[in-house]
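One chain, chain A, appears in both complexes that follow, with chain B as partner in the first and chain C in the second.
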Partner chain A sequence: MSSTSTFAARSGIRIPAPALVIPLVAIVASFAVGFALMDVTGSSISDAIAAFAQGAFGSPYAIGTSLNRAIALGLVGLGFILAERANLINVGGEGQIAMGGIFATAVALYGGVAGLPFGLSVLLPVLAGTLAAAAWGALAGLMKIRFGTNEVISTLLLNFIALLLVYWSVQSVHLLRQPATFAGTLPQSLSVPDSTELPLLTGDPSDPIHIGAVVAIILAIITAIVLRRSAFGLKLKAIGLNPLASRRAGIRTNLLTVLVLGLSGAFGGLAGTMMLLGNQDYLTAGFSSGYGFDGLVVGLLSRGSVLGVVAVAIFFGFLRSGGISMQIAAHVPAALVTIVQGIIVVAIAGSAILIDRTSRRA
Partner chain B sequence: MNLDTLTVYISSTLHFAVPLMLAASGELVSEAAGVLNLSLEGMMLFAAFFAIWGTSISGDPWVGLLCGISSGLIFSALQAILSVRLRANQLVVGIGLNILALGATTFLNREIFGALSRQLVPGFGLLEIPGLSSLPIIGPSLFHQYYVVYVGVALIAAIWFVLRFTAYGVECHAVGDDPRSADWAGVSVVRVRTIAILVTGAMAGVSGTLISVGDIRTFTENMTNGAGYLAIAAIIFGGWRLWPTVGACLLFGGAMALQFQFSAADSLVPTAALLMLPYVLALLSVAGLVGRQVPPSALTIPFLSSR
Partner chain C sequence: MAARSSLAIASSEAATAPSVPRAAARDEVLELVGITKSFGSLTAVADVSLAVRAGEVLCLLGENGAGKSTLCNMIFGVYRPTTGLMHLVGAPYAPADPKTALEAGVGMVHQHFSVVPSMSVVDNLLLGRSRGVLKRTAFADEIEARAAEFGLKVDPWRIVKEMSVGERQRLEIVKCLMARPRLLLLDEPTAVLPPEEIGSFLDVCRRIADSGGALILVTHKLAEVAKIADRTAILRSGRIVDTVPMRGANMKSIVQDMIGRELGAADAAVGLDLAETGERVGSTARVASENPGATAFAAAATPESARSRSADALQIDALSYRDRNGALRLNEITIQVRPGEIIGVAGVEGNGQTELGLILAGIERPSSGRWFVGDHEMTDATPRQITAAGVGIVPEDRHAVGAVVDMTVADNLCLQNLKHYVRFGLVRRSAMTAAAEDLIGRYDVRGAGPQTRFASLSGGNQQKVVLARELTLDPLTVLIAAQPTRGLDVGAVETVYGHIRSACKRGAGVLLISSELDELIAVSHRIAVIYRGRIMGELPALPSNREAIGALMSGNAA
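And now, the complex of A and B:
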């Protein structure tokens, strides 16, 4: 490791801001693979690009939808980098979104909040979902400090359990399933009351971007300040660099581990409540549809930077909208977008060695 | 539960447990050497697809098995290059490869077979072990399996033998517990870890083949559906020892098999609860409720030789 850095210093070789260049190269390369695959399968690339552009940013409606997607992805990503600062990898975004969705739906439908004034009809379901997901995240933290369970494994398993809890909630009429009025009633909840839905920024349904955008931006700014300027942020960083030394220095590492994983979960849950009260309106199995995993990728690619999360989340929001539109309008499988995302993650992970000129030793 | 249902239950437990056992015992070799492959799930999915592909173009499930193993090897080689050679974060690489496997198999399935194709490929033949298969209850469930299942069990035994009695087995544990000392003693950490990951890939290949060709004989999108993660949980449950890991797989398989017992009988227990059971068991196991487990000390830590 040191040999590499001294070599670079001696020879004066300096890669221009590799942290920026390498992700860009990875993105361009993976897009190239995507286009090559389109070409091989005989899809028209120009049709595909046109469909992509139309679906991603072809109309105010498309832009609003893409940005709403970016809000959910960005919140999960912010939660991810908070935990990552303490060297904790929260892979549980999908399950945390699911918990957020379940509890937001439950409170919106059956919590008697629909008639409450001052925006409480929206705030209470959002709060319920966020808290439930925070508990879900904190559970992984408790397992870590109490039993030494690797949080990657526990949050992964909690994902499966939470997704099945959604399935359970919408299958059982004793839980959230809509009353069966006829034999073909779908296994989903009732639609939440209008008063519990997130208000739109413009008030015009042709531009669906909702109040979550403002909330997400405020939270991004707060996260940046907390990570950079606060004692809490510094302590997280200390734990991430050396947990033992941090404990010796008097940092309550156990408490902070549970706290930050809970906080990370809360971000995922908030994303879930916004997906439900902002776009979906009713709970159905699989409503989280991979946003937790995409949000995780957003967090990974941002390399710990809040600005990075915002940029990548917006990029992925447009990517997802465009991918869906490509599938519908140009018959290009949306799986291509998944492939492209996979390549981006793998390429950036593989080139991390170039970015961190110093590498860890065993 | 009468005797016939017991026979069916044991048989369906094995049906779920054997792919898990194969994947988990392969992954155990990597973990012993200090590499955690979250990409196990992707390796299995990748192999499940190519096993179907190979079987469908050749008409022979054994060619499918070869394709499954080869694709598992190729996919695991990616993990090896990234996490051993390039010392990339093993967890991140694993997650990225899983996304890639999901995208690639979904894409290829639609391109080659069509999105809604349920065209069946030829399956493996069954082997009844004479004598044993006529034992009551366990006979028909244990000794009346596809040929490939016996191959898989032999492979697990081979892994046990290699880890326990060969120089490579010793090297694996050395590299997983103290790579620095192993390196100084002249053991190539890169070589040992790369081979270990390839073994994982090959076993995941057999496992994936069983899940597709050895079961419903067609490919469905994301058909492994978390089995790879369960296999990893089984290793933790088993405390990084082979036979307890196999036992954990049997337990998870038994939990999965329950859903058919109950849904057949009555709906007192919600399906969702039964579907959840293996994951809850896995979660309890990784929480150390079956005793605290000690992983190989260098697990997930990249190694750079100083020689």
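And now, the complex of A and C:
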């Protein structure tokens, strides 16, 4: 991981030409492979392309939905690169989203916030979810400094616990499950009150992009400043490169390890609250639906750069929307959509290696 | 399943049967003629001629970088000599790789173990030896029988990671013995052993030799040499200085050979230092002659001004340290350093200096004992608190502890007091660059700007960066420098000495840990000698005490 961060440090935000050309070629090529696969398996390519385009950016509604997906992915990605700067790999995005969702739902439904003024009705559930996920992330940090548990293992396993907590919450009427009025009541929470939902940017429901877009952009800018300019960022970098020398130089390595994993978790939790209060508005098992792991891929592919996170998150947001549309409208098997996404990930990762080689030769 | 006491040494009468292929008595198993090995412009081994006989333990003695390991690696086929010839039992011998060497009957136990910890003893020994169906039980019997010939007890079914370091090392030896070698090379075998296991290890060496094998033992520990060697070859700067039979050998002259080099051109820096300290040496002598009753120790132990005992800059009080394996690495170390005084810690490497340095840097915690800076107890302090108390640390391992090598020179210079360069949480790069430029100039760091990567500097300039950072602490009460001149060229060595002296002149107490005796004599006021984790004694740093210090370094009380 350290080579990744040093690459980012060396290249800064200045992107050399091959860094743009190679991924573009890779993406086009992987789409070509994907459509060829669809053709072989009997789906209509033209239908698939049409469905993809329609679902991803065919209407203001489609674009808004895609961007909302990008917000969640981008936030998880930002959290990932923050921890990665200290050479810590947070793969717990999925669980952190889940914790964010649980606590946002709980506070929105039962926290008595619905009638509060000044946007507090939205702010408090968001804050609750974010803090819960921060604690979830910090827990991995505590285990690391106390018992030496590798954070990859602990954050990964905490995912499963958090996902089961969601499941439990929506199964038990004593927790968040909606009151059972008839036998067919689904195991999910009530819908959160309208006043706790994230305001839409345009106010027009046909354009569903919500306020989270602004928050995410501000957070991206802050993250970029923290990583590039702040003392905190410099200390994270030092810990990532040499924890022993950093400790010798008086940096509180243990404290920062817990702090940055908590911060990383907070980003995941914020993404979770936005998914819940912005799109879905009720909690259900599997509501995180892989956004945490996709966000992890966003973080990995961005190679430590905030600009990279923004770009990859937006790309993946559209990709997800288009993929879902392909499934529904063009009857492309869901597995095939996942395969195409996988090919794209491998292609982008591979192109990163190519970029490294070409820029080293230059 | 055999008994759990796996690789313990059996009673000595069990070790009799000679089974190593025996060369004719008196015959040389291995003969080296004019062996030279160069790496580029560096000559690691120069014109070495040497012979080992069957049944003989030959010790290769020398300081770090004297060429001991290189020589062994040539015999084992890791390197090929640049010039020179080798003969094995009379026949020309030029191994292309370790495999050829093993087939020819030469085994080697490296300093770092090559066993798989999670596998059993028998599986480890089967590695690379097995084809088709594994015959574990039969092979396990073979291991036990083979080990018993040398008085070793092996439980073939024991998992390696459950075994102690000493047991693992014996396993390495058994692994070599399975191939029935004519010649066994042991590269610093005792460096990894806790002191209490060294004795039994040396017994095993003797048994292997008694059964007709030839042994070459690389070490820089004199006590072992005295105990086990039939003959000793002393290497210095790649050359054999002397080869002495150990019966009736004069340990002192061996010490002299090993550490007491002439002050030639290569040691110009040290020579300069001796000249510079001449005045102090003279005054000490004068005090001693004016007060015939006073010992030289008392004279030298009183620096420029009289001070009370409570005014110690650094006080280490009965500090002990056990490592993770439970071996006692430091045994009740007590040292006092007064302001304006330089105390040297002399000793052959591996006698606890590294652990002492890590404890004083706040990286490890002592098992017992305390240490103080002025009136402040530092025993449980974090590195941050130690720095805040004004303790500058020049760590032994520049790359692992001293600096973040992948960051810039400016980052490394300012990391310790980052808060001076931060406003509203943001780093003021311009202030950092200016401060770095200033320090680079003052400490004469060559070939570097603030934005140069630390790793791209030469060793000497890296050390200057570390010194610049540590010496600019304000206030600087104590400086702890561990092996500060290791790997530095002559010019850089001189600069480092200058900085250490200036810290001392500014009133800091300096603890200088070094394995270079000349350096310690040149720079320090007093020298404490450490041996197997204990302070053997403290002497004034006078050239005339060189022999006495050398004797203490080898574990002989003065």
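Some observations on this one:
In this section, the second predicted complex is superposed on the first by the 310 of 362 C-alpha atoms of A that agree within 3 Å, B and C clash if a C-alpha of one lies under 4 Å from a C-alpha of the other, contacts with A are read in each partner's own complex, and residues count from 1 in each chain.
Please note the rule applied: contacts are C-beta pairs under 8 Å (C-beta built on N, C-alpha and C of every residue); 3 or more make two chains touch, one makes a residue touch a chain.
Since we're looking at a predicted model, the values are computed, not measured.
Of the two partner chains, chain C is the only one touched by A:Ala238; chain B is not. By the touch criterion defined above, A:Leu336 reaches chain B but does not reach chain C. Within the superposed three-chain model, A:Ile225 lies in touch with chain C and out of touch with chain B [touch as defined at top]. In the superposed pair of complexes, A:Leu296 makes contact with chain B only, with no contact to chain C.
Of the two partner chains, chain C is the only one touched by A:Ser246; chain B is not.
Contacts of A:Leu198 after superposition: neither chain B nor chain C is touched.
Once chain A of one complex is fitted onto chain A of the other, the partner contacts of A:Ile22 are absent, as it touches neither chain B nor chain C.
The partner of chain A that touches more of its residues, comparing chain B with chain C, is B.
Across the complex, chain A meets chain B through its residues 1, 37, 41, 89, 91, 143, 146-150, 152-154, 156-158, 160-161, 164-165, 167-168, 171-172, 293, 296-297, 300, 333, 335-346, 349-353, 359-362.
The residues of chain B lying in touch with chain A in their complex are 38, 78, 81-82, 86-89, 91-93, 95-104, 106-107, 110-111, 179-180, 226, 229, 232-233, 236, 270-273, 275-276, 279-280, 282-283, 286-289, 292, 298, 301-304, 306.
Residues 2, 6, 225, 229-232, 234-235, 237-238, 241-242, 244-252 of chain A are the ones that touch chain C when the two sit in their complex. Residues of chain C touching chain A in their complex: 361-363, 382-384, 387-388, 393, 395, 400-407, 411, 415-416, 418-419, 421-422, 425-427.
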